[in-house]
Structure formats: C-alpha cells, structure tokens
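Read through the structure below, which is laid out as structure tokens, and then see the notes.
All chains are identified by letter, namely A, B, C, D and E, in their written order; residue positions are counted from 1 within each chain.
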Amino acid sequence: MGLNPYLFDIANIRNQCSWVHQKEPEKATEKAKELVKMSVARVRELTPLFMKEIPVNRDVVIMGGGITGLRCGIDLLMRGFKVRIIEKNDAAGGLVHDLSSIYPSFRPGKEVIDELVEEFTKRNGEIITSAELVDVTGYVGNFEVKLNVKGSEREFLVGAIVLATGSQLYNPGERFGYGRFPNVITNMELEKRIRANDIKDVQSVVFVQCVGSRGDDGNPGCSRYCCQAAIKEAIHLREQGIDVTILNRGVRVYSKGAERMYRKARELGVLFLPYEGEPEITGTGRAEQITVPSADLDAEISIPVDLIILSVGMVPAEDSLRLSELFKVPRGPDKFFLERHSKFGPVETTVEGVFLCGCCQFPQDIGDSISQASAVASKVAALLSRDKITLAPITSAVDEVYCRGCGRCAEVCEFHAIEIIEKEKGIYVAQVNEALCKGCGTCVAACPTGAIDLKHFMSEQIKAQLEALFG
Amino acid sequence: MPKEKVVVDFRFREKLNKITGGKHHNYCYQCSACVAVCPAARFTDEFNPRIILLKALLGMEEALIGEDSPIWLCTNCYSCYERCPQDVRPIEVIIALKNLAVERETAPANLAKLSENIAETGMSVTVSSAVNRRRQELGLPPLKTIPLEELKKILEEDEAEEPSSKKRKGEP
Amino acid sequence: MMRLIPFWGCMMPLKYPQMELAIRKTLPNLGIELVDVDGFTCCPDPIYFKARNKIKWLTVAARNLAVAEETGIDIITMCSGCISTLKEAQYLLAEDPDLMAQINRRLKRINREYKGKVKVKHAVVMMRDDLGIEAIEKSVKRPLEDIKVAIHYGCHLLKPSQIMRVDDADYPSILDDFVTAIGAIPLDHDEKLLCCGKGCMDDELPLEMTESIFASIEASGADCMGLICPTCFSSFDMGQIMIARQKGKTYNIPVIYIFQLLGLAQGLSAEDIGLHTHRVKADKVLEKIV
Amino acid sequence: MNIKEAIKKSRAYLCMECGKCTGICPVSRFNHGFSPRVLVNKTIRSGNLDLLKDKNIWTCLTCKLCDERCPAGIEYIDLTLATRLEAQKIGEEAMCSHGGAAQSLMRIMTTPNLEQKRTDWLDKDLKVTQSGEVVYFVGCLPYFDVLFSDIEVNTLKAAKASIKILNKLGMTPVVLPQERCCGHDLLWGGDFENFKRLAEHNISEIKKAGAKKIIFSCPEGYRTFKIDYPKYFTCDFQVQHITELLSEAISNGSLKFKNFDKVVTFQDACRLGRHLGIYDEPRTAITSIPELKFTEMTRNRNRAICCGVSAWMNCSTYSKSIQLARLREAKETEAELLLVSCPKCEIHFNCAMKDERAGKDVQIETMQLVTLVAELIEES
Amino acid sequence: MVRSKKTTKPSHKNFEPKIVAFCCNWCSYPAADGAGVSRLQYPTNIRIVRVMCGGRVTPGFVLKAFELGADGVLVATCHFEDCHYMFGARRAADVHKITEKLAEMIGIEKERLKLDWISSAEATKFAKVATEFTEMVRKLGPSPIKKVATNNRNKIREGIE
C-alpha cells in the first residue's frame, strides 16, 4: 500500500535550479527555497487518486478489406485474436485488386489479393462484405459495433478497432483534357488497359504527374504512390518500344527499390520533364500534342503524343467524414484521418483502442501501407493481450452543481471523453468518460464556471503554487 | 519575342545512345552538381553542362551538334564525371556529341588540325628532325620507329561494325 | 631491380624531352629499370582524338595496351594524358564485353588482341604504392629545404577517381607527400585544383583560367610550381609568356616537373635535368638550394 | 461591522421563519439545497465559523427579491454582504467564473498608476472631453467584450450609444482614460480592501476631471456610486442613470425617435430596479418609440427575475435554469426583442442561448436599451 | 555633434524580475529538465509551474500571476504539430491572444507575456527563451502592478486551524 503516489510532488531543484544556475549559488539557493515553498503549497492541496481497471474484450474489427486490412487481419489472426473485416463492397481487395502489377515484385494485384484472402479465411478470419457501419459506442476494450449487412442488423463487441478504409482516386473532372479527348486517361484506366493488353498503335505516351496532388486541387500533399506507379507503367510501355515522357513536379521515389526502378526507366530512355501549371494539350478529336514551358531554355517543349496518362492523386474516401464522426476520430487539414501524434502515436488515434493504417491516414504506397498494417497489428496485440486496462487517474472531473451543460468542454475535447447528458428534463450536464480522458485539462480552460477540473492539476493546486511563490 | 518551340526528338537520343558513353545521358535528372564544379561554366555563361544534358534529353540535335555548339568549350577536366551522383558521365556524353558533330562535319576546323597527326604519324606532336637533335643534345636515345602500318589498318572504317558511322549522311 | 615499361607518349619525347631526361636520370636511383619496347604510338590523346571518334580512340589505346601485354611487363606512364587514356580504355573495355569484342575485332586485323591483363600505373602511383615514400626519401641527397612548392595536380591524374583510383580527387595528397619526401614544402592555394584550361577549344577561356591559378599561387608565396602533367606545362610555362604579352602581367613563377624536383633533390644539376630549357627560369629556386 | 451588528442592522432577528424568501428566491426554486430562510437562521443561531465556511453564502444573487417579499422587512442582501465581507477575511471565497480572470483584472486595477488602454473603442464621431462637469462612467464593457469574445457579445455598443445620446442632448462627457472598475463585484465578493482602493482611485480621478455629475449606463456602477461609495467615502457629486436623463429629455420633447415596428419586452436589472427603484424611466423611453409594441413579462418591475449570476461567481446549473426560465418568460410575451439595461444580463442571457441544447423556445434577440434608443434617435 | 538623449527611465540593471513559466508536461517541462542535464545556464528568475498541457492555461492563471506580483509570465507548450494532445498547443495560442488583449487593456505591457513553443528536445531553446525573456522583462523594469492583498491560504490555515 504505502503512500498514495498522487500525494507526491517534486520540487525540481536539481534539473531546474542547481544545474542551470551553477554560477550563481546565492540566487539559486533563493530560487530553490521558493521552489520548495511552491511545491509544499501544492502538496497541501493534493488529494489521493486511485488507478482504475477495466476489463478487455479480445476481439478485433478491421474496417476495410483492402490489402492493408487483410495484412493487419492476418497478423492478428496469427497471434490468436478473433478478427472480423468489414468491407463495404461485395468483395475484399480494394484498389490493389485492379492493378496490373505491383512494384517491386511486378506481380498482378489480383494474385496478391487472392492469396491474402485465402490466408485470412484459412486462419478463420471473417470477412463481412456489403456491410455498412451503423454505429459504434463504448471505449477501449469495450466497443460495440453495429452493422447493416444487406438489410439485416448485426452487432458485436470488440476490444479494438482498426481503420483501414483506404482512400479513393482523384477525379480530374474536365481538367487536362480529360473527358474531352478519348486518349486522355487516368493511370487506373491505364492499369486496366495494360491488364486487357489493350495498348495498340501507340508510339508516344506522356504521363502527367501530380494531378490532384500537392496543392493541385484534391490532396494538398504528395500522394506518394503516383511517381513510382508511373515509372512502373512507363517501364512496361518503354519495353514495348513506346516513347514515354513523364511530366513531373519533381520525381519522388522513396519506396524500397524505387530509386533503382527510376534509374532503370531512365536507362530505357524514359524522358522525365518538369512542368508547372497545366500543360497545353492540343489536337483535333484526340490529343495529339502536349506542350509545357521550359524554365531552363526559354522555350516551349512539345511532345507528339498518342496517349496521355493522368497520374491522379489520392483523396480521402467519400465516407471518411461519416466514419470520422462515427468513430470520433479527427481528420487533419487534408481531410485524412489524423494520428494521435506523428512521433509518439503514429498509428494511434485520439480515441484509445482505435488505430489507423494505410491510405485512410495519408496517401502511401502498398509497401508502406502493409508495414503500417503490421505495426497496427502489434499495437493491437499489445493492447489486447492484457486482461485489464489500467486507467491513469489524472482525468477531468465535473462538479455537477456548477456545470451549466453548455458543452464547451466537450467541444474542445479532442478525445471525445466528455459527453453532455440530460440529467433531468432540460437540465444538461457534462460527463467525463475516464477511459477516454487523456488528462490534458483543455476542457478546464474552456469551462466558464469552473465546474470541471483536472485531478492532480486542480486550479486550486496551481493557484496555491502561485500564492506560495509571491506570498 | 515568341518563345522557341522545341519538339522532343526521341530519334536523335537513340542515335546518341549508340555512341560509347552517349547512353548515359538518359540518367541525367538535372541536379546541377556538374555545373557547380565545371570550370568552364565558372568562366563563361555560354557553357552549362546541365543545359547540354537537358538538350540531349530533348533530342535537340541542331543546338547540340550544329554550327557554334557550345560543347567545344568543355575543358575536358572530368570534374563533372567525378561529381555526378547519377553516373551520367557528362563529359563522355559531350564527347559522344562531339563524335556526332564530327560525323556531321560541324566540328570546329582546328579539331582536325589538332588530331589528324595521330592517324597520319602515330603521334599527336609533329615528328621533325629538330626533335631528334634536341634529344641528342640532352643525351636521350633516338625515337623509336612508329608502327604506322598497324595503325592505319586498325583505323580503317568498318561500316558493318559501327552503325553510327557515315551512312547517316543522306538523311535529312 | 623493378622492371617496368615506360610509356612515354608524345608530349615528353617530342616536345619536352627534359621531362623524359629527368625520369631516366632519377628512377634508376630508386631501383627501377626502364625497359623501352618497340611498337607504341600516341596513347592516343584523350581530348581531340577522342572527340573525333571514340571507337578509333579506344582501338589505338587497346593496341598500345596489347603491345605491352605481349611483353608480360607492366607499364608506367609519366604523362597525365597517357594515364587517362590507357586507364579509361581499360575501364570501358572491362565494363562492356561487347565493346571489348568490337575493339578486338579491329585489333585482329593486325593479329593483336587486348586481354585486359596488363597493369598500367602512373609513375608517382607506382612510387607511392610499390616503392614506398621512404624509398624516395632515401634517394634524396640534397633535401630541398625551404623550397615552397605550389603543386598543380591537373585534372587527368585524379579524375574521374572512379576510373583513375589514384587519390581523393577533392583532397589529393599524393604529390604533397612526394614533395615532402624530397624535403620541400607543399603549399596550398585557392586554385590548386582548377583546370589549366588547355582542353577548352576557346581563345580566351584557357588564359583566364591559367591566370587565376597564377594569381592564386603568387598570393600563396610559393617559390615555384610543381607539376605532373606535360599538357599543363605548356599552359603554365609558355602560358606565362602569353599572359605577360596579352595581359601585361608578369608572374615569373618557375614551373618544374615533379621528377625534375626529385632530380634536384637527388643532387643532379639543373642542366642534368634540362631545367635550362624552360621559358621561365628557375634561378630563384636554384639559388635557394645551394 | 461584524456579523452581530449586521444582524441588528438588517433586522434579521425579526425573522419568523415564514419561508417567503425561500419561496420567492429564484435560486431556491431550482437549487433545493439553498434557502435564504435557513441562512438567516444559521446566521442568527450558529457560530461564526460554521456560517462563514458555508458555500451557500456565495450562492445568493443579491437580487433583493426576498427583501421585497419579507413581511418582517429584513434586509437580507445587506446581511449577505456583511457575511461575505467577514468570510473573505478568513480566506473564504466564491467559485469564481472564468478561472477568476475577472476578479484578477479588478484586483490588478487597484494599482493607481497603471497605463490603461481602455478607450480605444471611442470612435471619432463620439464627442468626449478630458475635463468637464459631466463624466460618463464606462465600467467594465471594454474588457467584457474581450473576455467573452467566445459568445460574441458586443456590450461596448451601450457605451457608444450612451455617449451618442449625451452628445445629442448637448453634453460632451468626460471619459476617464484611467477609470477603474467601480468595485461592485469585489465588494459583493467580500473583498472590501480592494473595493476601497478602486473606489478611492475613481473618486480622485473624477475630482481631477472637475466633474460634478456622473452618468451611468451600467446599473451596477450606478448602484455602487449611489449607495456604496457614500457609505464609506466622501464624494460630493451627483449620479444619474442614463434612463433618468432620457425620460427627462423625452418628457420635455428634446428627443424624437424613428419608427420601430417590433414587439419588445424589458428585463429589469436587479440593481436598477429593486436596488434603486428605477422602473418607470426605462419604460418611458421604450414606450416613446413610435410603432413599438411594448409587452411586459409576467414578472416585471419589482417582481422581475434576475439574470442568474452576479459578480462573476457561483455560476452553476441553477443559474442556467434561472436564465432559461426567464428567457422562456420573455418568449411567452411574443416579443421579438428583449431589451436589457445591464451588460451582464446581456452576457448571461446570450451565454444561455448560445448552448445548442437550449432549444428554440429560448432564442430571442437581446439588446441594451440605450443601444436601441441611440439607434432610433431622429436626426434634427 | 549629436548628443545622446537623456533618458528619464530609471535603470533596471539590478532589478531581478520574478517570472512565472507555465510549462507543459510533455515538451517544455522536459526541455527545462534537459537544460539541467546539459548544464545550460540561464538566469535564476524563472519559476516553473507544471501543467499537463498549454491548453490548460487560462487568462485566469496568467492574470493571477500578475495580480500576485509576477513581472512576467511565460507560457511554453509543445510545437503545434508535436502537441501531445493534438490541439492543446493551438488552444493555448488562441487563449494567449485573449490574455494579451486583456493585459494590454489594463496596462500590462504585452512584452511581459510570452508564448513560446519548446519541444522536449529543445533544451537549448528553453535556456535561450528563458534568458531572452528574463532580459526583456528586466529591461521593462518591475511590474506596474502593486501587489494586491488578497486571499492568503497560509493565513487561513494559521488563523483558523
């Protein structure tokens, strides 16, 4: 038993006084005295706090049956967890399913997906297709998921949720001659043509990169797959003797082996040209020539062309807003789901027990997505391998007398730990879910009345420190 | 002034590819490391190895191997080769371009003067009687005989072997 | 005794025989026997001849290599241009078997074949790697104390280092160590690694570049320029006369081939190593030595 | 004054425990743990410490509704004030709203030589002066608008309107750049020491400006200057509420208004109404506006219900309930506009309405009376 | 000759300001610790009050510190993108704007308030900010606010218990 740890405070004399004021011993001593005084004043106001434990359900649900979700699911199945994948379409596979080949192995997408689905099923994972998420309630270790599967309801309890809902490709609308010229197509359409072996009478192909990426409408950031995909496709075309040009805004090849692929493409004579703005596409009935200004030559560079490929960026999936509301997972300025912290919680979300992997977080290529999928599987396993989850007691607490139920605390809480409930008719009050509360105290700052306070960092405790300092 | 119009010529690039070292031009990703170390670029704006490589990538035959091409300003110092992170060997590309210019007969007149000696005498410097006299004065042995016959044989044109040689001439 | 074939090239025997003289006088003191062989032509020159036709350039180079290969003795060169051509030819032919076959088809016409076995080294590299710097030190009879030498490495001895494998192209030390070994003081200066400009087919640029180098050497307070490349020599020795004539600026910096410096250190006289044939006289330096 | 004296002075000993005070108390209506009757009882019977440590002494809104009703004529709010002053001495304090920011601001203002920047809002078309006979006392409006920027109130409109009205009536008021908070909230929060410093500073600033008359738009400032300052300090200047001035001007015909075709109701501020008995003047002003349809809430004048919070303390779920009830009452009159005379009423009602759960039945436009009047003044 | 203007402002060379620094638990507080570990030196005037997040700091805290006699108040948080609580640092910045306005209105120079972003790895920045801010406040001189006698917890305890 012993002393409650929350009755303890450190007057940080060593790091924040003696070491940093080595040359001023007298002043440092005075400061140390004051730091002790402040600490004593704070300790006087402290109250004992106790850890709480909550039971954990060991099942996992993965939203999305693309390559990321499948990989994550298999990893979790291998660790002995029960895993369900929820897929909105009538079959698993996502975007990868439709790819002619994936780098660096150059295997057809469908082949890879089929293999993963087979393994997932063999290990007794369940893929629920044509399923729509209706509602999610609860908190870490105890989520309740409600589905609508082809008209009928399904409900189950899970301990953790993995969002692997992916992204969708930018629709160029009428830009870059898309829709106007039959021979201007997107890279996904090219993939289909390559699969169907439908590239005929083509001498020159020009790729336009960054369509719907990096501030060009769509995704404000780099879509991270398109340079490498275009290079992969370019190599394929070049090997058939086709002249290939890739109009780019800086080639970005960061995947494993991609630099080598980029070099190979150049070796084969693929022309990489920088461009800015929108290239001029001309032709009668079909695109015949594409022209870009050259920053270096004071010239306009034209390329005779038979097929133009728009490498379209990745944008958040259509239902990402709805899912973000249902899961209470915030979205970043780019509208992709936001991780809890880029360094300390890169696959976690603000909602404990809800994890992110793949392109629903930010655009990335297959290799990165599946690395993340495996990372998430490890995180989930670490979480769910415990019988109980311990909750730190530094959480916000509401004094219902002073609570006006105005909801400003709930509004600022990034962790959705505060709910405004109707105590009696017309009387609302804030309620803190201690399992969700992370203990930042931002709600305290937002509260107009002082009804909500952060345990262990109560206003009175902080004011006591100030008063001791100046008293 | 209306901007110059450049139409990418993939065929010229293929021609360049066939000259030893010419193929490496494909690797250039225009980073400018070569320009930073190029002594010629330091002393004149007319010469810029990156721009030469860009023109090679665009297949700008006339600009590269027409009359007054800047490629002849290269000092042959190999700094670009040393520095290039992509093994473009810019100087070798430039020399390959020079080979093409020689084929097209657009090389500067003094190039022939500076190099014809070798094919004819086996030496780049003219062998004269004064040379042997000077050597004698210094106590050096007389010059060895130069195997001119062998040299002439190995320098004979062989069209079957070297597709890049003169047969281009009739083309536009 | 170490037996090596000297590949003299053209510049040395024809234009600057004093350099050949210095080599012939100094290397035997280090225990090296120079085995002259018949049948070499120009290396050929890596600038103009190569610019005309790379294949022909490679062929001539391969022939020279094949001639040496037949003797079973390794080659040393004393000219940066020769080492550049021979090394690059070796590199390209080793890199590309098709090219090797193509060149050998040409050599076949004269019943020769280049197999890629002969070793080619520049004399200074051989001295550093095979003899050792100590051997040079030991051969010194009259250390060139207090002589400050501004070394000019030139381009082709070092670059491209991927092929030449002589030294760090940005921070070379091989010649500095050489100069230290003979008792002199190697000096750094701003333009130590600038190209002499000789290979540039322009009327003005080369002179501008040489002048930058001279200005930099003058500022460094060097007694002379220590140099390795005969092509550079023409830029610097005759070059000073040209600068004086065209730009009205006299530098008067003696330009001394590195083996001539070695000769002086080994106790040879200026005439022994042909220093008197230089346009810029080396009196300043010679005074200091005595 | 200790508690015993206060009991005497407020006639608390006359309490017959009828409970009418608790019956009428707006707080007690929602907060069943709060009873003025019980507190009076406790004051009379219990020991000092027990009473002073009772958190309920800070809950009273001092709205004076109980005093109106008490058959024994007990001055309950005076007793409350005395209790608080005593409690503060032993370190007791209320639950301060907004992290105590308002209280800190007021206490900081007690420093006499602060270089305040509180007059930036004065537009060019408002005529003010440095010294003169008449002072317009702005009060806390400048910093209210910053502190409550989240509920988007603009209480400063009332200050601008007041000066516009004064200008219209031919007066160029002094606006004191170094004016301080009147001290009302500190006094009612029990901090007499700092109330005193603020009062002394304000009195000296007014003397320096050479003013004889002070005009208020804020009922709290008016109450403090009219009742509390003279109680403790010598101040020989006349004070007047802007509605008093307005009603004078209207009756002598020097002000005319444009049409205003809306149904309007009026919230009596506790300080203006029950504390100072000003009920008619605002109504005179409202009813003199042509086309305006004035409608009274069920509980009006001396029976009006408080806006729910006073002195930035103990704002609670009950405050909210009081506010919502009062807003519903206003809505029931079918008024489109709720006129208020106190900036705090405006802030409190808006805060309650701002809440999305509050529902449509409490959403009503609010405006300070002076603001409306100033907008409708007919240019002559 | 140009004569230097006589300054009427008193010199504050010997003035030792008292500065309250609200530091967040995850970035600036560990940065202050790191300054210690690295033995970086800064003036002794800073007194750190630890909070979990910069978003917890209200105008109330800052004004309270001034009310009680602080000569300067520093609020140090994580960098926006590093905030342990996602948007706490941003909220701190929003709130700080309001505090600044209020402080200026009632006559506290806004230079006496400072908001800065110091990550846990930026011990050097902490020492730099602490030094520069102390010097800034020292230049401004003592706080214009006369210490106000208010509630004193110690008095309560001693007087009553």
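One rule holds in what follows: contacts are C-beta pairs under 8 Å (C-beta built on N, C-alpha and C of every residue); 3 or more make two chains touch, one makes a residue touch a chain.
Computed from a prediction, not measured in an experiment: that's the story for all the values here.
The minimal number of chain-to-chain contact steps leading from subunit C to subunit E is 3. Following the contact convention of this document, B is the list of chains adjacent to both subunit A and subunit C.
Apart from subunit A, the touch network of the chains falls into the groups B, C | D, E.
Pairs A-D and D-E differ in how many C-beta pairs touch across them, and the larger number is found at D-E.
Compared with subunit A, the chain whose C-alpha mean position is the greatest distance off is C. At the centre of the protein atoms shown, by the Cα-centroid criterion, sits A.
Centroid analysis (C-alpha atoms only) places D farthest from subunit B.
For the pair subunit B and subunit E, the distance between mean C-alpha positions equals 69 Å. In whole angstrom, the spacing between the mean C-alpha positions of subunit A and subunit B is 54.
Between subunit C and subunit D, the centres computed from C-alpha atoms are 100 Å apart.
Subunit B and subunit D have centres, each the mean of its CA atoms, that are 94 Å apart. Of all residues in subunit E, those touching 2 or more other chains are 58, 60-61, 64, 151-153, listed in ascending order.
Multi-chain contact residues of subunit A (touching two or more other chains): 445, 459, 463. According to the touch criterion at the top of this document, the contacting chain pairs are A-B, A-D, A-E, B-C, D-E. Contact residues on subunit A toward subunit D in their complex (touch as defined above): 400-408, 420, 422, 426-429, 445, 448-451, 459, 463. For subunit E in complex with subunit D, the touching residues are 58-61, 63-64, 66-67, 98, 101-102, 104-108, 144-146, 148-153, 155-156, 159-160.
Against subunit A, the residues of subunit E that register as touching in their complex are 16, 18, 20, 32-33, 35-37, 39-44, 47-53, 55-58, 60-61, 64-65, 68-70, 81-88, 91, 95, 127, 147, 151-154. Note for the complex: subunit C touches subunit B at residues 10-11, 13-15, 17-18, 20-21, 24, 36, 38-42, 44-56, 58-60, 63, 92, 96, 99, 102, 105-107, 109-110, 112, 155-156, 159-162, 169, 194-195, 197-202, 205-206, 208-209, 274. Within the complex formed with subunit A, the subunit B residues making contact are 3-8, 10, 13-14, 17, 23, 26-30, 50-51, 54-55, 57-58, 86.
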